[in-house]
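The following pair of complexes shares a single chain, subunit A, combined with subunit B in the former and subunit C in the latter.
Let's turn to the complex of A and B:
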């Protein structure tokens, strides 16, 4: 049996394919338009939509699960969450269409879309 | 069977190494240009060696051990994500080490790292009930390629020494 190489030609092909794929996606996203609406979902249900075009001053939203979001400068970020790793807060502010910030332990996702806000301004339980 | 006992002991040792490596990684500062939550996944070294030399049971055992450690230290959500990523990537490693002859260590490391990320992301999407988290995928792919290549290289580098241990105690997969 031939011994396995450190790195082979096939490895190179796989590597290039993956890097090209990922770089393409990232590049495409880098030129994305600034988004208009931030949609917040908890457990897959939309609980809040924030119009980012009007969100110039810092505005704070506290969700039922204790997560606090702050919208300012046409961007939105996780400001407070009781999750153990705090990945959602590390993500920082997002503002471009297609960008996402998620807090998996709290089942909360914020994503930005380009369109205008629906007639639903805020759903309160 | 003495060899069997040795094999179990070695699996435990590798599992402990994996846990220690995960802990060391958690001490690393997070850089701004990296996707949030991304870690080099050096503990996959233990899985990779187990998948290559020891066989399926030890490899999956280590994946379970790592998930248990993640659940204890970083909460249940992290545990489930670690478990699904770990099982998926370990299964792919086992398959590649057995069936494939063209890939090198770097290739297997990269593919399994990417599978680990993919598994985790799919679970995350299922848990939050929203596919938009898949937007992390490109950044995680890119990071997985780098981390996986590193894991593959280190695995190849330390493999001869670990093989000496398995040969000394007549451990077979």
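Let's turn to the complex of A and C:
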């Protein structure tokens, strides 16, 4: 009586992309570079990188698939997406190394590398 | 729709860790599409639900049989509030497909009549299943935990082999921790989601060794109809979302299946009624109430730090 359909077949590619990203960016905290960078991937391909260290004032980025991201206060969030569930927008702004936000229907993943690591290894929800 | 699977590996080389994380992810995904999914026509559970298992018992894989049997056994402690055969009611509310609606009382009464586990027979010797016509078995409330069990199995092998020092996996929010972050005795730090915050906000941190954790919260999968908000955790004795002062329950248990099933069960039972079953499974729990007060079973209380000032111990 929690989530019914927890993985649909079609989500596979984006999920794997996400895992790849997570694996890549969280291997060793020691690898972290100074200054956080948000990397945006669509279908596993990197389409955009945002330097969060310099992202103070709100800046909007619209991807080819119509998804709009906003970087502000050294954090990035999904601002607009035509996905039916809106889970990506509910995720809120992410700013710390290891944090991830995803829009599964649009196969879009944002993850943070560098800067200060989040002080938890995972969030249970 | 769908849940995010995330695996973070610690120690080892980047290449090895990446291959491992992919393998763990693929295995969890394969388990869902091949065995556990209620809605994917490729899964064994889907075929079982679409076969008339009433007239003659259907043989299933040991993987599916174990998942069904253990889910049923845990929900046997629910006093009828939860069941393996909850599918007729969850389908009716549109919870399997995210097409939520409030059914009529007649529809609810009819569906509730199909949700008893008394008519679900699991034969261990022949690995068969049978149930009454119209019944639907549902692993929706344990599937993510079973996914964690699968991921942990693969990650544990890698830790034993010395490929990595440890790893954390999340399957749609259910978490498994394996090994340790640095190969020594350091604990993992797991954040418990703030029921009133965004998805990446946590109100408390929990320090754990190797463990399986799951949370059931009324904040997930809510919908509003005619001004009333409904959450997704159904009480089968009423057919409606559970009426409770709890907003979330987090369980720390020996397996992912247990943590996932117990989080739903304890959310339905309430704190006092949960003690017995928690003892039985040697599981720990964190209860969060609507007034932002928190309580936890004795042995993990000292491992919990409330990091959001709005939350206080009860």
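Following the convention adopted for this analysis, the second predicted complex is superposed on the first by the 79 of 125 C-alpha atoms of A that agree within 3 Å, B and C clash if a C-alpha of one lies under 4 Å from a C-alpha of the other, contacts with A are read in each partner's own complex, and residues count from 1 in each chain.
Criterion: a residue touches a chain if its C-beta (ideal position, glycine included) is under 8 Å from a C-beta of that chain, and two chains touch if they have at least 3 such contacts.
From a predicted model like this one, the values you see are computed outputs, not experimental measurements.
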Taking the superposition on A as described, I'd like to know which of subunit B and subunit C A:43 touches: first, second, both or neither.
first
A:107 contacts which: subunit B (first), subunit C (second), both, neither?
first
Quick check for you: in the superposed arrangement, does A:84 touch first (subunit B), second (subunit C), both or neither?
both
May I ask you to decide whether A:58 touches subunit B, subunit C, both, or neither, giving the answer as first, second, both or neither?
neither
Let me check the overlay on chain A: which residues of subunit A are in contact with subunit B and also with subunit C?
2, 4-11, 15, 18-19, 22-24, 26, 84-85, 87, 90-92, 98-100, 102, 104-105
Could you please specify the touching residues of subunit A with respect to subunit B in the complex?
2, 4-11, 14-15, 18-19, 21-26, 29, 41, 43-45, 83-85, 87-88, 90-92, 98-100, 102, 104-105, 107-109, 111
Residue set of subunit C touching subunit A in the complex reads 1-12, 14, 17-18, 20-22, 24-26, 28-29, 32-33, 37-40, 42, 82, 86, 90, 95-98, 138, 140-141, 143-144, 147, 168, 170-175, 177, 181, 188-193, 197-202, 205-206, 213-217, 220-221, 232-234, 250, 260, 263-264
Along subunit B, where are the residues that touch subunit A in the complex?
30, 36-37, 74-78, 81, 101-107, 110-111, 114, 124, 127-130, 132-133, 135-139, 141-142, 144-145, 149, 152-153, 156
As the complex stands, subunit A meets subunit C at residues 1-12, 15-16, 18-20, 22-24, 26-28, 84-85, 87, 90-94, 98-102, 104-105, 119-125
